[in-house]
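Two complexes follow with chain A in common, the first pairing it with chain B and the second with chain C.
Presenting the complex of A and B:
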């Protein structure tokens, strides 16, 4: 077989990208405390050990609460913004939408530091709520991007048709618009949940004394004996992320197919 | 025939989009039970006017009345009209039956009654037995029929059709034209069709309003519109019309005498000269089929002129001759049906052309 330069490049690229992730489950099921080859034997004891750590449980609980709340809030805000930007014309629309989308490209450390300064200045105590605030800020641009594509592929005359056939604007939204953008909403919820769940910087700055999962993982790396447990935890998180993102993409595509549109963009 | 009662009345209707004056004083009436068309090029305001009837567009000045009631402040969901959209707007997440029965959701019918009504409506549009199909799996023509059934099931006083046939291919379009005419006769309600296709409007309508730049240029039945257009713009938009310069020599008691290049002097009825013509530059217009290239031995019914053939376009059943009448600058088009045994003439042939003053229309 002739090895093409580009193929070689692509192969190396993929190895570089995914090899660390493949190593994760390998060491998670290895029964040695030291993270090194050769592997010494199969064991599930690191997974069992997770059950005995109360701080980990608290961190998981906190992170799930933050992720669910941020996902719901940012998706609701995303629905409003996406609907407004695709359906209505208003002054300074481009500027307003640009500002909302800005956190997408803004370094997170800047968002985190400036939020911290503002919150401390206002005298707001740091808590899970302040993390949620930060996460809603960075998740909303993603939800708008997903939901805009859902709203955009919606033919405006569908709404008018329902209205014409006797429905009120509210029942038209419930009967026609909501079912047709529902796949987009589900996809938006899942993606913002995933973003929030593994977000570190904002959580680190704004969580106060409460641990979140990424912050907890980072802190555990100081203790060599804790590393295999983190590998096990990482394995679970990788699987969870893949499942969630696949579901999200499935719903996004199905939504576009159902409303008869063409696939334009998306994240996967 | 007695005059049908008025179904829709526009009184000086104006509509602005920002600075753009989309409807400029529309005044017209549409009668109950007629097949009415709004015809015009894109951007002439015909769709906007249709949408003011449906209630999707508000108006800035004037009155829109439906069945004697002022529609100001009446929202689209409370108007006795239903619409067939250009994109059909079939709800993609519902079955055909759910789509068709959508408007009856609020009527509080029993399941059996609803199914019966839906079945009836589907049968009317020739889709009997399609109820269980998924809406997004239908062809263009079938979507069209579902949209029709969905709009007609509510038994509206007026059915509004926004370029309903423009997305279909030519054969399907011609088929649906006939279907729509049949359907309109069957249900007997007022149909208002928006189209940019003059042929479609002529074929289907009882009356047509030709619109340009937010105004109705002429409102008449198809034959009047074709034979007696009231302006050069209308004449050019509907079919082909030739124009030659002319001067008015006298006007007396409804008879107008003119001197036209290539034709000589002729007398016209007042109806042939829309807009009072008093002197100045006018032109005389005539359709290609109202002139006849005369072959040897044939005699004209009315008048004759001499001409030279400058261009010949052969169409199988028809031949188009561009001929220059003696004493004129530019050629005019004559369309001739190709009869068996009659030769197609060559470019440069001298020929006699037969015509009649009755087919002429005078334009300012």
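Presenting the complex of A and C:
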């Protein structure tokens, strides 16, 4: 009895969580300029219209560049931090790790304006590079969260065995540790790519005149006639991120299974 | 050679190796996070001239931010909205985390968590925009309710005001609230629950006296992880808030990008963060006092009274912080309210001798 009540609640909650995402394809394939019910008919013209918008293409290109670079850089930084925090005790550990993890809770607008002030003060022109600086900052805590669980479940005796057999710390890392945490690294790359691709505020403040995908989407919301195309674009983005996240989840689980840990579930 | 041995010496100690390893992300965070945060703190004390910042130390920005009726109302609203969002999100999230942790088969837990987190990762902007579609005048909710015949004309209080901001933010931060609670629940040793029931407690009392206290760290984490970012959310108030739903982030953006007044924008940003810190501090102090009181009452007090006390406590503190945010003369009343509640708790503890 009790379990059924919980289950009912859980399903209602999932409907609440998915409500906007279910609506998205409905409007993307709806043959009307107005985003409202009732739906008028099936059409793929909003998807076709995406091909005719050069700003959109530029925004996609910019966003992909930013997302790939940020994912790689933040995962590299994440490897350092996750390895240090799971393997070593060092002075000021809590303080340093706290500062690195701070963007996880700090409102993004604070990160954005503080970087803006410093960059303009130093005379650095705003560009895609400045967006990457900000995105690496906010992606790194997520990569650390994922990579820590990969490093944590690592058996330290494997490492010691490698030392005993004459490997250097660097070759041990490359030959023993890296292959074991590889699934975690792939998962972290995918997650930080997804975060960066979807990030709006920092790009809005730091991109200068360059459009990124979210900045473009935000600007289009002002024109009601442009919204159906955005719905079509959104449908593609949602499908893309579900695919990416599924792959990330697959690798995350495989990584934990490979190094013999217990799956606690979830990305955080 | 000497340098080589210097590095070698550092690498030999555990602390040294750890520091060397954490240096790249650590330096990155110091240069691009700590230093910029310090800079806005500095800017907030400077004066805005046209096209340049005048390097005069001043408190004018803060006095403007705290006395200007518009700024004040926006700050109080932001605080109230994020408190409401935090309360709603965490209360709705707890049963879900509990369900997944206690009632779902272990092999299916990951799937459930994955289902819960997916909406969180998909285009935030578009999700917020779709809430506008759901809540709008001709929106899904209104046409649905009109269709069934529950209402005669569209509801207007659910879009372009504080309500729509709260609903949308509660949706956006749901997974953030569920995950920490779930992790805390997963750590609970199930034999403790059996022990509780073997010793004659009902299932509900076992939940109240064993599960809930052990889940508290997760609840606290989820409160923080929802409360702090929501107060600075820009997109939701901008898209669904309308003029009466604007929050701090919109004000900061206005100062920085439209009015080009960096010192004022910085002062507002710093004030917003101070409000957050203040709220968390009061919450923390209260939780410690209340925890002590709760442990004392645990044996002798009916649970209804304990829950009522918890609600009173939350109301006194959050109400107090809201009053402080509204500044004089409300601030005095706010401080008095919080202090008197703390003193009342202390007196109760003293009389019960539970402070030992």
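Throughout what follows, the second predicted complex is superposed on the first by the 252 of 268 C-alpha atoms of A that agree within 3 Å, B and C clash if a C-alpha of one lies under 4 Å from a C-alpha of the other, contacts with A are read in each partner's own complex, and residues count from 1 in each chain.
Following the convention adopted for this analysis, contacts are C-beta pairs under 8 Å (C-beta built on N, C-alpha and C of every residue); 3 or more make two chains touch, one makes a residue touch a chain.
Not measured: the values here are computed from a predicted model.
Q: For the three-chain model obtained by superposing on chain A, do chain B and chain C clash or fit?
A: On the superposed model, which is not a single observed complex, chain B and chain C fit side by side.
Q: In the superposed model, does chain B or chain C contact more residues of chain A?
A: C
Q: Return first, second, both or neither, reflecting whether A:108 touches chain B, chain C, both chains, or no partner chain.
A: The second partner, chain C, only.
Q: If you stack the two complexes on chain A, which partner ends up touching A:238: first (chain B), second (chain C), both, or neither?
A: second
Q: Looking at the overlay, what does A:55 touch: chain B (first), chain C (second), both, or neither?
A: Once the two structures are laid over each other on A, A:55 reaches no partner at all.
Q: Touching A:225, do we find chain B (first), chain C (second), both, or neither?
A: neither
Q: When the two structures are overlaid on chain A, which partner does A:157 contact: first (chain B), second (chain C), both, or neither?
A: first
Q: If you stack the two complexes on chain A, which partner ends up touching A:201: first (chain B), second (chain C), both, or neither?
A: A:201 sits against chain C, while chain B stays out of touch.
Q: Between chain B and chain C, what minimal C-alpha to C-alpha distance in angstrom results from the superposition?
A: 9
Q: Could you tell me which stretches of chain A are touched by chain B in one complex and by chain C in the other?
A: The overlap between the chain B and chain C interfaces on chain A is empty, containing no residue.
Q: For the complex, which residues does chain A have touching chain C?
A: Against chain C, chain A makes touches at 3, 6-7, 9-10, 13-14, 16-21, 23-24, 27, 35-37, 76-78, 80-81, 83-85, 87-91, 93, 96-97, 99-100, 102-111, 113-118, 121, 133-134, 136-137, 140, 144, 194-195, 198, 200-201, 205, 214, 217-218, 221, 227, 230-231, 234, 237-238, 241-242, 245-246, 249, 253, 263-268.
Q: Using the touch rule from the top, collect the residues of chain B that touch chain A in their complex.
A: So the residues of chain B in touch with chain A come to 54, 56, 75-77, 81-83, 85-87, 89, 91-93, 102-103, 105-106, 136, 150-151, 154.
Q: Which residues of chain A touch chain B in the complex?
A: It comes out as residues 155, 157-158, 160-168, 176, 179-180, 258-260.
Q: Any idea which chain C residues touch chain A in the complex?
A: Within the complex, chain C touches chain A at residues 14-19, 21-26, 28-30, 32-37, 39-40, 43, 92, 95-96, 98-100, 103, 109-110, 112-119, 121-127, 129-131, 133-134, 136, 138-140, 143, 171, 174-176, 179-180, 182-183, 186, 224-225, 228-229, 231-235, 239, 249, 252-253, 256-257, 262, 265-266, 269, 272-273.
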